[in-house]
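Below are structures written as C-alpha cells.
The same chain A turns up in both complexes below, where it pairs with chain B and then with chain C.
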Partner chain A sequence: MNANTAITEPLQSAAADLLSEGKVAVVIGYGANGDSSLAHPEFVRKPEDAERLVFDERCFGNLAVYLSKDSIRQMGKIGIVVKGCDLRAINVLLREHVVKREDIVLIGVPCAGLGDPPLQKCSVCEQRNPEGCDILAGDPVEQPQVDAELRYKDAADLDAKSLEERWEYWRGQLSKCIRCYACRNVCPLCYCKRCITEKTIPQWIESSAHLRGNVAWNVARAFHLTGRCVNCGECERACPMDIPLGAINQKMAQLMNEWFDFQSGLSSEEKAPFTTFNADDPETGIL
Partner chain B sequence: MSQEANKPTDPSEWQPRIVAFLCNWCSYAGADLAGMSRFAYPAAIKIVRLPCSGRVDPMFIIKSFEQGADLVLVSGCHPGDCHYTSGNYHARRKLLAFRELMTFLGIDPRRFKISWVSAAEGAKWSSLVKEITAEVKALGPFETYSELQTGGTG
Partner chain C sequence: MKSANVDEQVLYQAAAGWLKSAVDILQGAGVEVIAPVETDPGVVELAAVNSSDAVVTDYANVRLPLKQVFFPISEVLLEFDKQPDSDLDVKSEPVASSQEVVVIGARPCDVAALEALDKVFHWDYDDVRYSARRERTTLVTFACTSPDAHCFCTSVGGSPHNTAQSDVLVFLGADGQAQLQVCRDKGTRFIERLGDAVKRAPAGTTLPSPPEVAARFDSEKIKTWLDENFESDFWTDVSLKCLGCGACSFLCPTCHCFDIVDEANWRKGQRRRNWDCCSHPMFTKHASGHNPRPDQASRCRQRVMHKFKYFPERFEQLACVGCGRCTRACCVGQNLVGILTDIEARAKEGNDSDAE
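After this line comes the complex of A and B, so read on.
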C-alpha cells in the first residue's frame, strides 16, 4: 500500500517546520510499517524524524485521545494531525476545557474516506476537509452531499425490530464483552482520571465479565457519551469481541439531533445538551 | 401506613418491588401529605429521598434493577417549580434519554416511570402509586433483569 504522497509530503514538511522553529515540542501523527493494513500512532520530536509521518486510508486511529494524557501534555505544545472526524472530538475537548486552543497546533489532513471498502462513518462524513486548522496539508478533496437518513442507519435498523428482538440481539452481543475497556481507552472523550467502573465504594458497575455487569458497563459508557460522542467509531473498531458499539452511540446521537437539533463536535462553542435545558423540551411519557 | 397496605394479603400472591427516587421538596412532601391525609396507597413502593430529581444518575436505576426492583419511579417537582430552579429540567432531558437507551437495548421501558408530583398533590401521589402498582402487577416479575447471568463469562 502506498502512502498518499499528495498529503504525506506537505504533512512531513509542515511537521519538520513546526519542530525546527520550536513552535511545538511534539507532532502526533501516523506512521506505517511497509504494507501493514493499519497505521500506528507516531510521535515525532525531532525535525529529521518528520519523514516517518504518513497519511493514507489506513490512518484509522483518532489521535485526539492523546491530548488528555498527562504524559503527552508535559512534553509541551502539541502539534496533532487531524482528519475531519478527529477534529470533531477535539472540538468537544475544547468545549469541555480539557485542552486549550493555544496549547495545540492543528495540522488538518483532507480525507476522502478510510478503509477499503470505506467505513460507514466515512460514507456519511461531512467533514472531509477539516475546518479551522492552523495548517492544512494537501489540497482539499471533494465533499459529496450526504443523505442525513444514512447517518443513523445502524440505529434505525435496530429500532425497526421489536423490543424482544432487540433484547435478544443485545443480550447476545453484550454477553461477548470481556471488559477489557478497549472501548474506553481508545475513546478521545473518555478522559476521566478515574472511571466509574473502577470505583468500588459504592460499586456502581460490577467488574466481572458477566452479562449483568456488562449491561451496566455498556449503559454507563453510552450514557456518559450522550451528547458528546462524535461517532468516530473508534470504540467499535477497538473492540476485540466485535460488539457493535457504534449503533448504541448512533442511537443517542440521533436522539440529540432529533430532540435538540444538535450534532456533537461541529464547533467548540456549542453547549452540550445535558449541560443546558429549555422549558419546552420534550416531555412525552412523564406521569 | 395506610389502611389498605395493612390489609392482610394472600402470602402466596406475588408482590412487586417498586423503588421510588423522590425529590425532597415536592414529591417526598407530596407522599408525606398523602400519608397525613390518610390517602391509601400500596406498600409495594420503597422510597429513597434525594435532594432533587436532578440528582438521579441512571446508575441508580440500573442498580435498583440489579437488586431486584420490578419497577423504578423517579419523581420530582413540576417543571418551573424546582427548589434549585432547574434540577428537574436537567433530569427531564437525561431521564428521557435514558429511557430511550433502555428501549434501544430492548429493556422494557414500562419498568421505568417518571412523574411530577408537587407537595400539594397527596391525592395524585396516592393514585399514581395505585396505578403503577397495578401495572407492574400485570407485567409480572422483571425477568429480563432477574435472569441476567452473574456468573461465568456472561
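After this line comes the complex of A and C, so read on.
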C-alpha cells in the first residue's frame, strides 16, 4: 500500500468539517474508481459524502484545472485537495488573478509520489509537502534531496541529439497529434475562454491534423505556457497519442531557470519574467 | 451472435505461414495491405505494410480506430488558386484511387462500427470519398481474443466474434495456424487469392468459443430513460468532471462528425475535411455568438443521446460498439459504462415508483 493512503481518513474528516461548518460549498478531491488505475475527480457537496474521498498513488489529476470552470465556481466557495505539484499551478492562477485567494480553501495533502513505479515528475519533486495551505491533511512526508540536474533530464537528453535528429524525432512525435486538445483542456493554466487555435479572423493556427498544423499548435501551446507551466505533466498524461509533451515543457522551464533564475509557481507573489520589466534581463534568444 | 458451428462452405483452415503468404500474394498483385503494427513500445496502430514481418497478432486493439482508413483525420476536398492574371482555378481532389486495399487484422468491434458510418455517409448524401474507399477495401478481421475490463461489445449487440461488415473473420490458432470464416463475397475472392495457403475445413469443424465479455446494461431501457430525460440534473452531475477534451470522440470508432475548413495564403489554398467533436464548445457555436450547447452538461448529454437515442431512432442501430476506447482514453476517469449503468438504475427506480 502506498504511503499516500494514510491521508484518506484525515482528508475525509477535514472535508466533512468544511462542508458542515458551511465554510465551503464544494470540496474537489479524488474518488475511488473501483480497482481502476486512476482515481477520478470527485465533487463533494454534503458532509456525509466526504467518505467518497480518497488519497492514494492513483490521484494523478491536477484538480486546479477546475478552479477556472464556471460550472464549479457558481457553486460558491471551493475547497480543493492539493498536492505540492498542484499547488504550484494554483499559485500561478492566483498571480494571474484567475482565482482569488479568499474564494478557495486549500486542503494540502503531503504526497510521497504517484504511480507504481513512481512518475518521473515525482522522482524530482521538491514540493512533497505543500506549503501555505489552509489545512494540511495527514503528516508531512520525507522530502528527499533532489539533484537539480535531473529536473530537466528529458530536455537535456533531447538536446544531446543533433538538430537533424531532434527535428526527425519531433516530426515523428507531432505527426501523431490528432488535435483532440486533451493537452489544452486538462491544463490548469489553459483557461482562455477562446483558445488561439479557435480564432479564425485571422486564422493563426491551422486546425488540420497535418504536420504543419500540428507543429503550429504544439509550438503555440508551449509558447503560451513558457514561464507559467509548472511541469505537472497533465498534458502528457492526457494525450491519447502519447506525445512526450512534458519534454517540451521541460525545455521551456529549463530556459526560464537558466535565463531568469525562475521556476514557475513556487509562490503566488512571484514576479513572472514575462510580465515584469527588468533592465538586467538577459537578451538571449532575442533575434 | 453467430453459432459456433459454421457451414463448411465458408470455413477454411490455414497452416502456419499463411499470413506471410497472404501479404506476399497481395503485394505481388499490387494490393495495398494495411495491418496492425507496433508504432511505439506497447502501441499498435493500423498502417500500410510491405511484409508480414511487421504485423502484430497478439494485441488487444489498435489505438486509432479502423474508421481512419475510410474517413481520414484530415483530407483534402479541393484546391483553389487565383493568380492575378488568371481566373480562379478550382480543382476537386480526386476520390480514392481504385487501387485495392486489404485490411488484415482489425478487430470485430471496429469493423462493426462501419455499419454506423455507412449509414451516415450514405444517408441524405452519398459521400463519394467514403464510398470509394469502402468499395475498394476488403476487411479480413482478427477475432478478438483478449477483451479487457473496459470492453462491453456484448451490451451493444456485438461479440468478440462478431462478423458484421467483415469479409473474412480469422481465428488465429497456436503456432501461426488459423481458421478463416468467409462472411461476404469479397472474402471469397481473398480466399481464392491465397491458393494453396488455405484449404476447406473438414465437415463438422467447430470454431473456438468467444472469450467472455459480460453484459453490462440493457440499451433498450437506457433509450426509454433518455426519451424522457432531456432535462435532468443527471447531466449536470455527470459532466462536472468532464474537461471537454475530444479524446473520447476522436478515438471512437463510430464518431463521425467533421469540420470543413479552408487553409490558404493570399493566392491559393485547400479545402479540407477534419475530424471534429461535440465535446468542444466551438462545435455548435453560431456566427452570432449564440451557442445552443453552452455548457459541458449539454455537450455530455449530446454525446450519450446521439449514440443511444438519436442514432437508433434514425438508423435503427446504436452508435456504439463497446470498444471501450473512450473510457481508457479519459484523463479524468469518465466511464461510459458507468454513465449508462447509472441511467439504467434510474430507469429502474422510475419504474419502481410508478409501480407504487
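By definition in this document, the second predicted complex is superposed on the first by the 275 of 287 C-alpha atoms of A that agree within 3 Å, B and C clash if a C-alpha of one lies under 4 Å from a C-alpha of the other, contacts with A are read in each partner's own complex, and residues count from 1 in each chain.
Just so it is clear, a residue touches a chain if its C-beta (ideal position, glycine included) is under 8 Å from a C-beta of that chain, and two chains touch if they have at least 3 such contacts.
Because the structure is predicted, anything quoted here is derived from the model rather than measured.
In the superposition on chain A, contact of A:A50 is made with neither chain B nor chain C. In the superposition on chain A, A:A253 makes contact with neither chain B nor chain C. Applying the stated contact rule after C-alpha superposition, one finds that A:E234 touches chain C and leaves chain B untouched. Looking at the shared chain after the overlay, A:W167 reaches chain B, while chain C stays out of its contact range. In the superposition on chain A, contact of A:A16 is made with neither chain B nor chain C.
In the overlay built on the shared chain, the residue A:A89 is in contact with neither chain B nor chain C.
Of the two partner chains placed by superposition, A:L189 touches none, neither chain B nor chain C. Using the contact criterion defined above for the overlaid structures, shared-chain residue A:F274 touches chain B, although it does not reach chain C. Within the superposed three-chain model, A:I178 lies in touch with chain B and with chain C [touch as defined at top]. After superposition on the shared chain, chain A has more residues touched by B, the comparison being chain B against chain C. In the superposition on chain A, the residues of chain A touched by chain B in one structure and by chain C in the other are 178, 206, 208-210, 213. Chain A contributes residues 155, 158-159, 163-171, 174-178, 196, 204-206, 208-216, 218-220, 222-223, 226, 248, 251-252, 255-256, 259, 273-274, 277-279, 281-287 to its touches with chain B in the complex.
Residues 58-59, 62-63, 66, 79-80, 86, 89-90, 92-94, 96-109, 113-116, 128, 131-132, 144-145, 148-154 of chain B are the ones touching chain A in the complex.
Chain C contributes residues 40, 43, 63-64, 73-74, 236, 239-241, 243-247, 249-251, 259, 261, 263, 272, 274-275, 277, 280, 282, 295-297, 329, 331-335 to its touches with chain A in the complex. The part of chain A that touches chain C in the complex is made up of residues 33, 36, 38-43, 61, 65-66, 70-72, 178-182, 184-186, 198, 203, 206-210, 213, 234, 237-238, 240-242.
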